[in-house]
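Residue numbering begins at 1 within each chain, and the chains themselves are lettered A, B, C and D in the order written.
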Amino acid sequence: MTSDLSMYNIRTDLALEAKEIATEGQQSATIPGVWSETENAEGITVTRMEIQTEQGAQQIGRMIGHYVTLEVPELRQGDTTLQDKVATSFAKEFEAFLKRLGINTTSSVLIVGLGNWNVTPDALGPIVVENILVTRHYFELMPDQVSPGYRQVSAVAPGVLGTTGIESSDIVQGIVATSKPDLIIAIDALAAKSLERVNTTIQIADTGINPGSGIGNKRKGLTKEILGVPVIGIGVPTVVYASTIVNNTMDLVFEHMKKHTNNTDPLFGVFGKMDETERLQLVKEVLNPLGHDLLVTPKEIDKFMEDIANVIASGLNAALHEAVDTDNVAAYTH
Amino acid sequence: MTSDLSMYNIRTDLALEAKEIATEGQQSATIPGVWSETENAEGITVTRMEIQTEQGAQQIGRMIGHYVTLEVPELRQGDTTLQDKVATSFAKEFEAFLKRLGINTTSSVLIVGLGNWNVTPDALGPIVVENILVTRHYFELMPDQVSPGYRQVSAVAPGVLGTTGIESSDIVQGIVATSKPDLIIAIDALAAKSLERVNTTIQIADTGINPGSGIGNKRKGLTKEILGVPVIGIGVPTVVYASTIVNNTMDLVFEHMKKHTNNTDPLFGVFGKMDETERLQLVKEVLNPLGHDLLVTPKEIDKFMEDIANVIASGLNAALHEAVDTDNVAAYTH
Amino acid sequence: MTSDLSMYNIRTDLALEAKEIATEGQQSATIPGVWSETENAEGITVTRMEIQTEQGAQQIGRMIGHYVTLEVPELRQGDTTLQDKVATSFAKEFEAFLKRLGINTTSSVLIVGLGNWNVTPDALGPIVVENILVTRHYFELMPDQVSPGYRQVSAVAPGVLGTTGIESSDIVQGIVATSKPDLIIAIDALAAKSLERVNTTIQIADTGINPGSGIGNKRKGLTKEILGVPVIGIGVPTVVYASTIVNNTMDLVFEHMKKHTNNTDPLFGVFGKMDETERLQLVKEVLNPLGHDLLVTPKEIDKFMEDIANVIASGLNAALHEAVDTDNVAAYTH
Amino acid sequence: MTSDLSMYNIRTDLALEAKEIATEGQQSATIPGVWSETENAEGITVTRMEIQTEQGAQQIGRMIGHYVTLEVPELRQGDTTLQDKVATSFAKEFEAFLKRLGINTTSSVLIVGLGNWNVTPDALGPIVVENILVTRHYFELMPDQVSPGYRQVSAVAPGVLGTTGIESSDIVQGIVATSKPDLIIAIDALAAKSLERVNTTIQIADTGINPGSGIGNKRKGLTKEILGVPVIGIGVPTVVYASTIVNNTMDLVFEHMKKHTNNTDPLFGVFGKMDETERLQLVKEVLNPLGHDLLVTPKEIDKFMEDIANVIASGLNAALHEAVDTDNVAAYTH
């Protein structure tokens, strides 16, 4: 079974999870053409990954590029001190992307908040956009009076195909043509492979937003190829398929039992020996015809969305404007 | 294993599901002291159940009383024609409750919308209250001018313990003491045993709202014993535990496989032969320590809540006021 | 004093009020090059106006074109029957615009909801857009399966300069370039000359949206010249300047007193004899330095906005799609 | 004309304005039985007033008691530094009220947010309640584990007569009976005499909330007499009658002209010599029959409400809990 197909089956938008799947959960396993390092501090795990070759890309099912993932298991606890730390850490990682892409302090940036205002777990993009420190109009209307330490930032929430009738990608293409930014930052809600990732993980990638990713199943992506300028994608898993919850949980059950017994065969039979993809396939075969394979989200999603959107907006405001201090990133958001 | 314990483990607030569990899924099985009938029309399944004896109550783990459940699998499709039908059907069933309780056309009613405005799947009560045709103040301020065909209706959303610091039950008790209604109707969001029930099922019960039920884990209930007047409870499942999704799905997988093979033992081993409660226990043992046993809700919960709250408010407006026609129930809601 | 200047001073976005000012309130007065007729039925006053010549345009301070105004003084009463009548009447008038512009049943339409989601009286455009029956994506994705009686409709809410950093006009220009509609319908909240107009008046004009009009003081307009396709503008006054409330009220006071006395000179002195523009100038001279000349809106604006936005969305849905009946226009809105 | 009648005519809920009217605008004038002092610092004017005798109460048309008013003309500018200063200043003034009423650090407090969620300028109470640090349930459920420096605080938003069918006062009476607080703090939106007061002024009074005050024209008040425990009322003007805008503006016009000419008689005739009450009467006579005497609010009311509600919630959290520092009052609000 090719990793491409497994990709499709597992339905994750996170490169980190894609790599885990490709190495069958062996986190320490290396894949030729894929470099990665992991750092752990104060409840935040930062994984920096670079897919360097076509072979690596093939294996993981992701495009060549840089991927950074922040994992913060406690992020759903509503702890504002931790949130500030994550915003600062996010800003620092994000600045490395700007540097690598040659984005200097005078380059202009368009922030695109993908998703649907009226569907809470899909509203990440629009909520972030609401909290962005927008400055482009000051540069246009009174360039002499803009304080040093700010760059041109604009921000739009283009809506979703179902409510606008137009592909988000086409709307953004039009706005790029008239407003001519040097860089696009696109923010989107994602589907994850496991419930514990929901609203605790942030991914940054210089490959943009790819077709078919995200909650809304875009047919076109937001990439440098399409838009003509570099695109940094920021994603947060906010939903999980019921089938992947089942599959993921069964994995945990099997692992749990292995600690207690040498031979789990009598316990789980053939089912316990299936590989992840086969098992998921079986679960989906059962749930799909019943229309039960819903995308679900935690009950407390309203509060979770607000918190993580503030973290991202704070982090972006600090990373984009030198005059906005990473010590004080939260002050500019709602 | 007693049904009481299984009740606790399965975590359902629906009497219908409690009965299913007690009969181990054999829907046609009868339980002494429990009467029930089921009717099917136009996509709506109505099950009327009466727990008549202490023995029946014990067996099912519910109080003696009447329970009506409307199951409408297609209710999440956003079909306004179906929604109107459900509102009419709901109003008809509800009127039978009024009759049985001896509530006549001049009896006054207080509608209590339990739950939390700011947590979408817990906002059922507050949203229903917003769409109720409130009339009590007209009777108080200008009794001569109220048209015939209306009764005194008031409506409050008392908030939840976490945001008010006061038990909802205590707040309602105070309001009952000063406003003196003849009947209380309490609306609450529930947890269900399976994802397909979420926002497709409505339960009416003359046993009120019981301690520990609903999403917010109330410590006190809203019952005739506590409030001194009859209480009709209306509940809609809006969330499911991750563990019950897993368990429910595994059941479906086992059933599915049984159709294809005579002996599923080699397929699922011991696991496949566990009873539902044991299996759920195992799943919870694995998920709980990881903090993974979240209550989840479908991605589209915002729209689903609005739709079903409108159905209930329309139905109540029609059932409570003779002047409001069941043919036109939707006109009075938002 | 030229009418242009007075235009600026009186600060109205309604052509009807501009004409009233030009004729100094004499509604029956004719202006060369300006044709108009008024019709009254069921609480709705429809005024159709055509500015036919440059001279007429100069006099009124508006561009050559067609203007239709619906005045419905009772529209703020929340009467849903009246709202349905207004939606139907609006649809009928709107269809005449489509006809005159040669827009046939297969022409595609982009609806642009100008204004700011987060400022209630400026949210007209975004709320209308939310309630539009959008179809363009069906034509793109499955053209064979679209039922007859529908046209391609798309809808966007581009945000405002202060929150996006980009002129709405520039954003729309970009979207027009990529989505290529045959007609644009732009909806905007306006400032009116008197409080009784607020949320009771709807203006349709084939001159589009002009620079400096609307609440947000756009620097660029949405017109055929700029966008390359015809633009129909729909506007509703939702705010009034404090100074114009004062001025308008003083007018009413003077008129009121004239009914009771032959000579109002001793009553109001020089002030009573000033013309409207001079008086307004005086009021503004006093209020402006104090920062008191705020734009204000009625206390009940949340409800008023929702009602009139539904009227416009219903009317547009009926006017644009043959399959949507004007008898049933409300069914497609939220 | 007695001051009582003028009270009614001028329609202000602020004691400060009532005193101004009683002294015909002479701020330095003293009224027997009314003590007051004014302090000015950092853009905040604090006026402390005590109505000490029945005679003073008669003259001003307010009950005997303490009134503190914070006037902050720049509060609508969205300056968070100023907002923090106002919260701190408010907390300090509020603590003096607690002291005077003998409320010690263990006394329990119920905060009542009057008004209507769905009418932006009337939503002050509900928004403040949302941002209150509620603790009563911790004292009830785990009294041993509450950290020192906190008191028992509960908070409810009882809704308005039009949406509940029950007088707010009756609902609160019931909640007081079951939850037994030592002090009630009631927050309400008010009508002011001038537009510049809207969302820039905060009044604290130990006389509670009086019948007929506030936006919703309550028929019953929230006072110690009715509820049995002391009530501190907090009010913010959020709306103004159109007629009072006109009257207030004409005053400013007259004053302005007096600076430029010795004799304003020819300028304004009899109208200019009317006293404030007569003139307002005339304006209202003209506007009322037309239904034009609306309550209005600034266009930017959504943002203004959020800002001032945060100031009050922050101030209350700091004043009520010793462990919440006035230097850091904002951290506990949304």
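In this section, a contact is a pair of C-beta atoms (placed from the backbone, for glycine too) under 8 Å apart; a residue touches a chain by one contact, two chains touch by 3 or more.
Note that this is a predicted model, so its numbers are computed, not measured.
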| item | value |
| --- | --- |
| Shortest walk length in steps over touching chains, chain A through to chain C | 1 |
| Shared interface partners, meaning chains that touch chain C and chain D | none |
| Most widely separated chain from chain B, with each centre as the mean of CA atoms | C |
| Chain A and chain D, separation of their C-alpha mean positions in angstrom | 46 |
| Cα-centroid distance, chain A relative to chain B, in whole angstrom | 36 |
| Interchain centroid distance [CA atoms averaged], chain B/chain D, Å | 42 |
| Where chain A touches two or more other chains at once, by residue number | 118 |
| Pairs of chains, among all present, that meet the touch criterion | A-B, A-C, B-D, C-D |
| Of chain B, residues touching chain A in the complex | 118-122, 194-196, 215, 239-240, 242-243, 245-246, 249-250, 252-253, 256, 265-272, 282-283, 285-287, 290-292, 294-303 |
| Interfacial residue positions of chain C with respect to chain A in the complex | 118, 129-130, 134-137, 152-159, 161-167, 170-171, 173-179 |
